[in-house]
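Note that chain A is present in both complexes that follow, paired respectively with chain B and with chain C.
== the complex of A and B ==
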């Protein structure tokens, strides 16, 4: 196979309460300086971004919730074949941390068993300067976050989409935890994912559609 | 006491109509947070409210949302897809109960059979995705073009289907339909004369419709049954005609009118070699249910609001305020689109009035999940097949064809080594329809058992004469004695995981004459106006058609009724500057060069950037 072995594509899903900064995190990641991509594209089914981890390239296919998480209306399609998930909460909102627990549970039920999950406490910029003061905006301590992550076997980061603190680190860490993709030719039958997959190279082939003979 | 109750209730009416922007002042403590569904809709208004997340509704939602229409899309079920959901076995059980309790309009008579107990029949419900309304996608069809145009294809995985089997004289054949023109000529079993006639006919079908002699022939035969047309004009008779009409054409019944039958045959022929050596594609993980989810996601990306497990309980046509069972109220600026299975009680009468004007058609379905991989019927590297029982081919003397769609574990709808058989017929008498479907099931079952037994030939020896519990000797390897003797033996049956049958009704004609785009779209429920409430639009139940034909016609009709024109239907300028799309365009032009675009996992990826190679891209 002339398949470039160093690129692995990874479906990554976002989860978390509304307004914790899920989209901002991703936007920061895909529009960051060390990446060449620009603004997200309108109508893009999902955002894509490459990330170099060691000697291989991870291509993230990032699925945003598109607001469908608000009333727990995420479709099975959303979780299917997701190899990685970001469960995001806002470190200034305790309720969002509780909700994060819910999403972790949801992932264990809905997603594949070997999914790599990162727990991400966002909005670090709001507390970066006043970590020791009493009137800190921080409502979820780093220890609480760490404890949950350890308990559930998750990666853990506190990030700021605003200042880009730790944002790339999250994706690099996930990337290094994702197992290398098996060569596609191997075990065709036992891997239903690849049986007879068609690449529909463009209906532009025959654009003048007429499905009627009369 | 009733009076007392009433005053009590009147007081609480205000509570049941909270201001739409109600947000709890304090985020409640732990309770409630674990249940994300406890939130009520906190929106003041929307342009369009859609009830039901079935295929038609979901495409409509996305089409509207991408034109800037503010859509609120709800479903009374906890899952997407409504009448064309893809369900797990547990969801199927629950669904059957709902149907039998009369809570699922247009569905009746659901029978679900799960043999054995927990110990004899172990399965994980979640491993199954059973379509309530399975369909196949012809490669050359407006529907596929829409999936591309809307970018929803990006959420989906396509697999090819090239095996079309026809059951006749107690045998399965798959000659014509999965062969190329060249192979028809080399096939020894077809007479030269027949070959010539067939080629002449195929050429005629593919001929430009503008051709005058073709037009004239079509005009003169607009009401001729296809059987007579083939006989008179091309000297073609059964069994070749059966393959053309029921296998290639997938016609429902005898006497299909010539223009319709020709359109169906042409559909098959022009779909061949569009993406490869197959006419039809299947979706992985489920058909219409999966596509519905894709369009709902697309609509959500375009800012639609989604809430499942929610019902419309009241609508004030003057104030245009809709009230929901979660306690919220939303002003609906424009219209409400209602799936028949989601009709709120207060609209039941309006719906019934419309129903009186329409002719009802029946679709009866029998879906069976069996533990057998049925390799014999499915082409190598494929995961699905079609089996057709034409009229009069079954012992029940079926008047309508029974169409069976087979999917194995490779399609992600069941575990590897198992199969889902979706069978249906548009026989109007549901009792008869059930007999036909059961009979077709028995035929497939015995054929499958026969074939898997044949596999054992030469493996068994004398020790295979075994003794049953009753002490009677049983000849295990009796197949060597010939087929006929097998009938005297205790019947082996297939290992069934789950079997479900149900009857569905629809106002869409099986010939799709009342929904197809180029025909007059009248006499179906989406074209009718509700008396005294023009803001309410109903839509149709799924048709009996096994392909996606007719879906877009209906969506466009509704779209036009809402926006006044369907000119801007999915006329969206997606900014596809992302490399996958440029790659797709590049590979499309490469495919034009080679005139062959099949690319399975063995496809040489040199045309692709690394990512595209194992991705499903257009």
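== the complex of A and C ==
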């Protein structure tokens, strides 16, 4: 009873300090576009995008959250039931890296146990040309990022929403780490009007599935 | 890191909010009155009277407008005269600012007996027929005169204020005879220059204006408007652009703030010119990101107005500062309002209408989302079941509606229509509209199973609000109807059942949960940012956090908020968790000693400012205090006293006094240390053995623990008292004996064997001496009781996990004893052992010797008391070995039995500063021979 290609829905949340480029990464991934003066996100924005990983299609349900400090206490609403998270920092802003560390810990303590997290150092285009000179704009080294990722068991990428460097790679890498969801036939029958839909698993259902998958 | 600091502030504000909330559950009637009529908080009802009201405008030729004279109540406050009819103000209501009253006269008595005629600045003549006893009416009238008199200085603002109201300009421009002279267009919103959103013709702006023009002439305006059902109707059909700002500020009450705080806005700006703050920075980042589709916000004029209003507010209320979404709301206000109007309106909005929406924790937003969910559950149970079944995060979707007052969700012209009602009716409007949105889209929404589709449906709906809902209807009226009109109808007709009281009830229900969640989040974040701590579990740190804030917050309510602990609060903190700290020492002597010791801890623990302890400092300090490793624990203690690694003569005396102070509960037998506990267990075990033998039970049977047993507790206790006294005297004696002369850099291992000699030299007060860490350790380790003090007694007397409320630091002897029996396992073990050894006499019981030969003291009561010398468990520095050996020798000589005199000694040590020589001499007799 295998469908080819199977589609998996993945709830993904973006977290990170204000103006590190969360919305820009999403915009690049979803519309392959970039805006110089992007409006700040208030509360959260929701977008979807499909992405092919190997032989299956993943439909990302993306929650792009607000970075302003005081919105942090709303974050638990957004990462609830998330299967994947991008924790984004700006490689030219050390403070944003400290905050990324904070978010990783928060997710490990509070989010679903099997959440896949990618640590993303954004705005790579700003440092791409300089060769580690002292006055480089880069303030967070790649090693620091890697070290944190290893310590906490995260995927790690340096990206640029502006040049689109590594952006798709992040989402593909996450996709290939997400366990495949099995289509559930009984559910199909119990919900009329849903017959044509491939994506039939709400987040609650999905977490059940991933439990039995392992 | 500002992030963490601000989180710390959050914790404080959250907690203090919780407290304030508690208080505000009993809102005073005056405050309720102010809220109901949107008066500035602080107005009090001075007097009230039943009345019938008649009113007439100069400009209307007709007789008094209504044949029926509305009946109701009139209330007098220091700055307002408020009338509300018997139908809760639904058919007639007015709030007259006293500044708008030109004249009050006593009308000739009619059948009513007592009537007042009031002439307002908008040329309305109001007649108040006071109903009631004449004397009461007299009183009311004289109080009104008094209030008018006191308001006179403020009434001077009126002339200027009139010039700022578009309503006045409108009448003047149209040559209404009774109008004020207003020649200049009053300062107004950006719309005047940049145009208003929407099509004027479609909005029927001109006809609306005409209706308002008539209303102003007949019912008055701004500070002296008499509100009839027409007023509310005109608000609901949508305000005309030029009057929108003024009606908004009148309805939300910010107009009263503006007239009473003339110039404050300008002053805030000049006072804080060029000052920087995080809020100011955040504001400038968002200026170009606020309603960017409106022309004024791509223009310096609009951007600067927006900046000034937001910045002024951030200084006016630094607790809120700036929150994203305020930029959007303010940008919207500024289209219709002057800067000053928008500033006061923003104030009223943030502080009164939707408090907590933009605060640092956004508790108001979170709370109202919760309330919204339960209203959905209550009013649309089928949809709600569907939403929960599919785990659709409704509150996440609706949050921006509330936070941005629909301004970012639907086309602006519709959002402004909602705002018109919102300012008149308050936050229920937000709920009514949100419920209507779900209701109207319910059929479609119930088919969705994920957030994505749910959001998509709503997005599509919002962009189609201007479309006809039934374009093919044969009824021309229905065919004209737009989806927005439908929304309006459903929201304000169907969901008019959602009242303020209902919302408030739901808020009360969910408040604690929501605040609890926020506090937890803030706590998690702060705890996560503490350094790694070896000796404290996560639960311990969590308890410290709770206690820290429970104590600090008591101060907040008084002095306005701090997340540091000052010395007095530190004392309270320590007294709650420490057996040897007394919250209120009765005698001065103990008080001073305690204060001195605590001060020492406090100053050593403070990392930034020696007068304030942060949570981090406290955690690090406590971690040291309960250090389980014997040697580290001793050196931590020594570090409190030493300078450059040394403690001088004065310091030695201080240490010995402090040790005496710390050990007071044990010296007095109030607490038991491990040795005593073991002794008690042994005594009980012995007793049980005797009884068992008497009845002849075999040693295979389980050991029954009797519920009561008679042992000689007093004897054991007095042994403990003796031990402590002896430890104190031995300490001072040895400290001076091994203290080194200052000049010589003598290695300790080279200490002359003839210690009598060196000892005497050290005792000579003129010869400077010092104690270093190795020597101090040696001296401590040389005494079993003090060794135990550092390895377990102190640690055991600090109870970090004590519940935050209600706690008795001194657990009395009786409890302790009962505890032993209740647990029983230890005693059972001992009894078993005794019985075993009785059965196999070859095996020597070590119970008695356990009192004497305890070496390492990691162990507690629960440890096996047959312990070996477990030095190996302690990490010993090679160079310390000699001293430990010496200590071991020392420990073997039974200090308890070698003790001679007791309480006299103790007293001497309390006065040790004056009597060093004497007591040391005395203690001399107890010197132990090392050879």
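Keep this in mind: the second predicted complex is superposed on the first by the 157 of 214 C-alpha atoms of A that agree within 3 Å, B and C clash if a C-alpha of one lies under 4 Å from a C-alpha of the other, contacts with A are read in each partner's own complex, and residues count from 1 in each chain.
Please note the rule applied: a residue touches a chain if its C-beta (ideal position, glycine included) is under 8 Å from a C-beta of that chain, and two chains touch if they have at least 3 such contacts.
Note that the structure is a prediction, hence the values are computed from the model and not measured.
Visitor: Does the superposition put A:95 against chain B (first), chain C (second), both, or neither?
Guide: The answer is both, since A:95 touches chain B and chain C.
Visitor: Just to be sure I read the superposition right, which of the two partners does A:68 touch: chain B = first, chain C = second, or both, or neither?
Guide: Touch status of A:68: both partners.
Visitor: For A:7, select first, second, both or neither according to whether it touches chain B, chain C, the two together, or no partner.
Guide: first
Visitor: Who does A:80 touch here: chain B (first), chain C (second), both, or neither?
Guide: both
Visitor: Under the stated touch criterion, which partner chain does A:46 make contact with: chain B (first), chain C (second), both, or neither?
Guide: both
Visitor: Of the partners chain B and chain C, which touch A:19 in the superposed model: first, second, both, neither?
Guide: A:19 contacts chain C only, not chain B.
Visitor: Please tell me which partner, chain B or chain C, touches more residues of chain A.
Guide: B
Visitor: Counting contacts the way the document defines them, which residues of chain A are shared by the two interfaces, the one with chain B and the one with chain C?
Guide: Looking at chain A, the two contact sets intersect at 9, 37, 42-44, 46, 48, 66, 68-73, 76-78, 80, 95, 98-99, 102, 193-194, 197, 199-200, 202-204.
Visitor: Using the touch definition up top, name the residues of chain C that touch chain A in the complex.
Guide: So the residues of chain C in touch with chain A come to 1, 3, 6-7, 10, 282, 285-286, 288-289, 292, 323-325, 328, 358-362, 365-366, 390-393, 395-397, 399-400, 403-404, 408, 447, 449-452, 455, 517-518, 521-522, 524-525, 528-529.
Visitor: Quick check: in the complex, which residue numbers of chain B touch chain A?
Guide: Listed in rising order, the residues are 27, 30, 33-34, 36-37, 39, 41, 66, 79-80, 138, 140-142, 144-145, 148, 151-155, 157-160, 205, 209, 218, 259-260, 262-263, 265-267, 270, 274-276, 281, 285, 290, 293-294, 296-298, 300-303, 305-308, 310, 381-383, 409-412, 416, 516, 518, 549, 572-580, 584-585, 587-592, 597-606, 610-618.
Visitor: Show me the residue ranges of chain A that touch chain C in the complex, using the header's touch definition.
Guide: Touching chain C from chain A are residues 9, 18-19, 37, 39-40, 42-44, 46, 48, 61, 63, 66, 68-74, 76-78, 80-81, 95, 98-99, 102, 105-106, 109-110, 191, 193-194, 197, 199-200, 202-204.
Visitor: Which residues of chain A touch chain B once you look at their complex with the stated criterion?
Guide: 1-4, 6-7, 9, 37-38, 41-46, 48, 57, 59, 64, 66-73, 75-78, 80, 93, 95, 98-99, 102, 181, 184-185, 188-190, 192-207, 209-214
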